[in-house]
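Multiple structures follow.
You will see two complexes here that share subunit A, one where it goes with subunit B and one where it goes with subunit C.
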Partner chain A sequence: MFFVRVNMNDRTYQVTETPPEYRHLAGRGLTSTLVANEVPPLCHPLGPNNKLVFAAGFLSGTSAPTSARISVGAKSPLTGGIKEANAGTSWAADLAAMNIQALIIEGQPKEKGAYWGITITWEGKPKVEFFESTQYTGKVLPDVYPAMYEKYGDKISVCGVGMAAEHGYGNSGVVFNDMHKRPTRYAGRGGMGAVMASKGLKFIVLNRMGAPGMPIVDKALFEEGRKKMIDALRTHAITKPKGALNTYGTAVLINIMNEAGGLPTRNFSSGRFEGAPRIAGEAIFETNKKRKGEEIYNHACSPGCIIQCSNTIFDEKGDEITSCLEYESDWSLGADCGIDNLDDVAQLNALCNAYGLDTIETGTTIAVAMEAGVIPFGDSKGAINLVHEMGKGTPIGRILGAGAATTGRVYGVTRVPVVKGQAMPAYEPRAVKGIGITYATTTMGADHTAGYTIAPEILGVMGKQDPLSPEGKAALSRAFQATTAFIDSSGHCLFIAFAILDIASGYQGMIDEVNGVLGTSWTADDILKQGAEILKAERRFNEAAGIGKEADRMPEFMKTEPLPPHNNVFDVPDAALDSVFAEL
Partner chain B sequence: MKITVKLFATLRPYLGEGASGTPVSVEIPPGATIGQLAELLKLPPGEVKICFVNGKICDLNHVLADGDEVGIFPPIGGG
Partner chain C sequence: MFFVRVNMNDRTYQVTETPPEYRHLAGRGLTSTLVANEVPPLCHPLGPNNKLVFAAGFLSGTSAPTSARISVGAKSPLTGGIKEANAGTSWAADLAAMNIQALIIEGQPKEKGAYWGITITWEGKPKVEFFESTQYTGKVLPDVYPAMYEKYGDKISVCGVGMAAEHGYGNSGVVFNDMHKRPTRYAGRGGMGAVMASKGLKFIVLNRMGAPGMPIVDKALFEEGRKKMIDALRTHAITKPKGALNTYGTAVLINIMNEAGGLPTRNFSSGRFEGAPRIAGEAIFETNKKRKGEEIYNHACSPGCIIQCSNTIFDEKGDEITSCLEYESDWSLGADCGIDNLDDVAQLNALCNAYGLDTIETGTTIAVAMEAGVIPFGDSKGAINLVHEMGKGTPIGRILGAGAATTGRVYGVTRVPVVKGQAMPAYEPRAVKGIGITYATTTMGADHTAGYTIAPEILGVMGKQDPLSPEGKAALSRAFQATTAFIDSSGHCLFIAFAILDIASGYQGMIDEVNGVLGTSWTADDILKQGAEILKAERRFNEAAGIGKEADRMPEFMKTEPLPPHNNVFDVPDAALDSVFAEL
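Entry: the complex of A and B
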């Protein structure tokens, strides 16, 4: 396996064998360890000393199901701390097939406003070539992405950044192609797009032709693990074909979170949204059925996924508005803004994809602006206009593009739902205490995927726990965070967790798959320890960047404003929050 | 006594036509549990996963009261 270092100072590159100390790291484990070891914690995130690291998971590029995740890591311009964001895409499998364990983008060109792309091909080892890309800037992604396929053929995978990244926004993602060559699969959170753009890099095109594919040390063990994983995913009610995810997509959560009183509404002022049924996954399914005249089940975001949860929203003429509209996006651009017009929510999602914005940060930021009176809650056309302002980079667009925390500060808003500068996702911490602990303590800034305690607190996966009670939730969040750090390194999509947390043989299957690829003999304890080590490395970086335990706190309003309908506040003691990492 | 019931996702058809989560008024015997309500509505037992009463998660032997608002979900996930 190789490390490929691309130096944007002088557009040169270096290919080396993976150093021994990194041999057993992949995905988030590898991006975070590299960033922690090589990026000065106090550097400017958009300066020459930050590094952008891409790493696929251990299993990416193999036949393990649902395993094409790519991790993107750097110091975040949104949080000022370490960041890992990941996405599902053929790009991950192609990087792995070319045996590139880490792709590291370093330096910064002297030429202001100039952009390049790189192609990586296989000639006995990875080969990098540079091409001018300034002509592709200042345009929406759907207008420039096809040019890559015209230039380099159909067999490629494409990574890029949009106008939000070119503007240097803390809210800007790195985008990857989906199965239909569209720029829609985002490593969205924390401004990784702006880091890539700050290096004068617009596109990374992979062509795996002739590449050897991922080496597997113990094929029999890998196959055994793969079969266990497939069985678990095909059996579990949530992940099986025509199960909840395949039928209704992730937006199936809108109704259950609303029912639980934990669907953040109108800038986190209520846990219930009266318009929830109109934007829920069930409404998407029924609307599509009516408009297309048939039941439409969801599709895969990347090759080899057998869960297939990605939806498409069609307009009244039957034409596509957007794909995919995830729960988080549906919520942030819908309920959190008081918007219940599904077509407008879909339109907002399409615009975020076109400009290169993170949907969670965008919706929550607009909701903060609504709270400030910039436009009224529920004004979907006004929200569409604000996203255009962000894309264009007008003064108000730039304020919003800096994220919810900055927008709150500019407009003097006190109800700003952020931790470490990153906006909260679609679960109300006052109604679901465990996820609040994850938001507060994760190294990433408010992030549900870092420790998804919603599984036992709401969904009845891995037992049932009372969402309103803080009891035992610090330990729960800690266990989820450590396990997740490993799953984020495996290459598997986090959604495999629904199946393998309930089906023990599926969990063992994941361990067998990884041991098969690496030739290791890791146990369940070993992978938990590895997860903990990843978290500790991230934590060390954050502390050195000035983000210590004082930052592991909820915004004040959540401790003082009771949230309807349950009228709870966030009542987890600081000592419990501190124990998450103190006892790791 | 009368309660309000909302069925979601794949359970929706068991209350007749209407959008998912639309509240429907249902007459049940006093002292009935959620489990008995599920039987009354002929919900497939394996499909009843998460039940809410007035926004709080309850198990199948929870005894319902007049005017309760009940929401029932099959196994679902997302994120």
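Entry: the complex of A and C
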């Protein structure tokens, strides 16, 4: 396996064998360890000393199901701390097929406003070539992505950044192609797009033609694990074909969270939204059925996924508005803004994808602006206009592009739902205490995927726990955070967790798959330990960047304002928050 | 002496005797200790749990020369840490005359956008009354200040906040009247104005009629100290009548710092400004002489000041443009923006005073916006327009109103001269290492007044030290910071330091004055210890607010970009920075 280092100072590159100390790292484990080891914690995130690291998971590029995740890591311009964001895309499988364990983008060109792309092809080893890309800037992504396919053929995978990144926004993602060549699969959170753009890099095009594919040391063991994983995914109610995710998508959670009183509404001022049924996964399924004249089940974002949770939203004529509308996006651009018009929510989502914005940060930021009186809650046309302003980079657009924390600061708003500068996702911490602990303590800034305790607290995965109780939740969040750090390294989508946490053979399947690829003999204990090591490396970086345990706290309003309908505050003691890392 | 606590939740108040533990604290020592003891470090600075504390110095209200300083303290919306800002004004003397040791503003009204004023009068003890003030909002300060004098008579002193504060800006000061009833004397830094406005408080009017005046325990000792102080101030070349400050004002430093290669120019990209002579103190003196037909020496900002360093800038017709244009304002709105038109700089200064903006933060922020390409460097009319936008609260105005750090973030600028979120003042740390250590390590965010090592490094006070050398500068900054914390508690203006650091009897004079007032027998050692205790209390607050030693660092560009003309970087080791507080 190779490390490919691209130097944007002078547009050169270097291919080396993977150094021994990184051999057994992949995905988030590899991006975070490299960032922690090589990036000065106090560097400017958009300056020449930050590094942008891409690493696919252990299993990416293999036939393991639902395993084409790519991790993107750097120091975040949104949080000032370490960041890993990941996406599902053929790009991950192609990077792995070319045996590139880490792609590391370094330096920064002296020319301001000039952009390049790179292609990586296989000529006995990875080969990097540069091409001018300034002509593709200042345009929405759907207008420039096709040019890459025209230029480099149909067999490629494409990574890029949009106008949000070109503006240097803390809210700007790195985008990857989906199965239909669309720029829709985002490593969305924490401003990884702006880091890439700050390096004068607009596109990374992969062509795996001739590449050897991912080596597998113990094929029999891998195959055994793969079968266990497939069985688990095909059996579990959430992940099975025509199951919850395949039918309703992640937006199946809208009604569930609303029922639980934990759907953050109108800038986190209530846990229940009266318009929830109109934007819920069930409404998407029924609307599509009506508009297309048949039941539409969801599709895969990347090759080899058997969960297939990506929906499409069709307009009244049956044309696609967006693909896909995730629960988080549906919530942030919908309920959190008081918007219940599904077509408008879908259009907002499409605009975020077109400009290269993170949907979670965008919706929560608009909601903070609504609280400030910029536009009223529920004003979907006003919200659409604001997203266009973000794309254009006008002053109001730039305020919003800097994210919810900055928007709150600029408008003097005191109810700003952020931790470490990153906006909270779609689960109210006052109604679901465990996820609040994850938001508060994860190295990432508020992030549900870092330790998704919603599984037991709401969905009853691994047995049901009372979401309103803080009891035992620090330990729960810690276990989920460590396990997740490993899953984020495996290449598997986090959604396998629903199945493998309930079905023990599925969990063993993941371990077998990874041991098969690497020739290791890791146990479940080893996996938890590795997850913990990843978290500790991230934590060390953050502490050196000035982000210590005082940053592991909820915003003040969540500790003082009771949330309807349960009228709970966030009552997890600081000592419990501190125990998450202290006892790791 | 009394504590007066005003509760803005329900517009009530409480007068108590000063609690014993606070009896020997005043000015910054009192505001910082109260904030550290009573404000939750992680509260939202604009929320109901922050407190705004006013405290005059030990000597305010006495006949000690140059002693009418008022300290304003709170958790800062600009830095997120503790803040003390002070100003010279009759308001300080009046507060002391009414024996109010601390005025503490607490709580927050439920009504958004509603404002009140308070009057404090003497009826055997301090008496507080509330009056509606919403009608005075949305207007520039020179248009509303006269209404207070019309309403409450000529004998009052007036504290207020402007439109910048009403907008919730991190860049918004608390203003006090000068000797001509003008709203011009600012506790400018760190957004204390926004904290006051967040409490629905627009004005604090003091009428000392009938009040007992400041008690002095040992009048003979006080008188002895006062004479020593007066002798020192009247002797030293910087502070004597028709000396440097009285003739040229603080802007005498423009040419001096430019010569030293330490005048930050065009957003800290050079240490030398070719237009410096046109905005220097000498140019002010000569221009005024030409326009008024006589030599104009400077005036006092507050009763009892014998240094008298406040200039007035007159236009071609001989009418006042602004009073007064300090060195820091002249530099930030001039050299740092590449502007060399004195009349335009004076107008920018007048606009900052009218809207309630801190001039240092305003100029440095506009310079960052210039670097981002919002307007070109040197565009004084464009800068004037931007300050109007700040006053109006438009999106671009709000970006700038949030300060240099936020503006840098919103525009993706990497050269942003801030520490702990506060913009650097008028001395380049790469050319003057000691002041850089003060910027980096003071609890206040970048602040020259916190430990003004310019005195020995540039002006030769206490002997001359090489400004380019980092050697011994941590100890120098530490000693200055501790001494300053005491001077900021004494009520004396920091400018007495020039005289008393060179003239030992003057230093003893300050100690005698304070011992005379309090009946204590403090020594020079006690004073340093008390200064250190104040710094430690501030530091404890900041650490609990998540601002630790990793925040005691220069921005990255100062460590990597050599500064013309000396082509130095900021080369003070982290260990030296850490030693400032570690060895306190």
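Note that the second predicted complex is superposed on the first by the 584 of 584 C-alpha atoms of A that agree within 3 Å, B and C clash if a C-alpha of one lies under 4 Å from a C-alpha of the other, contacts with A are read in each partner's own complex, and residues count from 1 in each chain.
Just so it is clear, a residue touches a chain if its C-beta (ideal position, glycine included) is under 8 Å from a C-beta of that chain, and two chains touch if they have at least 3 such contacts.
Just so it is clear, the model here is predicted, and its values are computed rather than measured.
Trainee: Is A:36 touching anything from subunit B or subunit C once the two structures are fitted on A? First, second, both or neither.
Mentor: In the superposition, A:36 contacts neither subunit B nor subunit C.
Trainee: Quick check on the superposed pair: does A:26 touch subunit B, subunit C, both, or neither? Answer first, second, both or neither.
Mentor: Neither subunit B nor subunit C is touched by A:26.
Trainee: Examine A:248 and indicate which partner it touches, taking first as subunit B and second as subunit C; both and neither are also allowed.
Mentor: A:248 contacts subunit B only, not subunit C.
Trainee: Determine, under the contact definition given at the top, whether A:354 touches first (subunit B), second (subunit C), both, or neither.
Mentor: neither
Trainee: On the A-aligned overlay, A:259 touches which partner chain: subunit B = first, subunit C = second, or both, or neither?
Mentor: The first partner, subunit B, only.
Trainee: If you stack the two complexes on chain A, which partner ends up touching A:494: first (subunit B), second (subunit C), both, or neither?
Mentor: Only subunit B; A:494 stays clear of subunit C.
Trainee: In the complex, go through subunit A and note every residue touching subunit B.
Mentor: Subunit A residues touching subunit B: 236-239, 243-245, 247-253, 255-256, 258-261, 272, 276-277, 280-283, 286, 309, 326-328, 448-449, 452, 454-455, 458-461, 464, 466-468, 494-495, 498, 565-566.
Trainee: Where on subunit C does subunit A make contact in their complex?
Mentor: 40-44, 46-47, 49, 77, 167-170, 194, 198, 394-396, 398-399, 401-402, 406, 409-412, 414, 543-548, 550-551, 553, 555-557
Trainee: What part of subunit B is in contact with subunit A in the complex they form?
Mentor: Listed in rising order, the residues are 6, 8-10, 12, 19-22, 46, 49-50, 52, 55-57, 71, 73-79.
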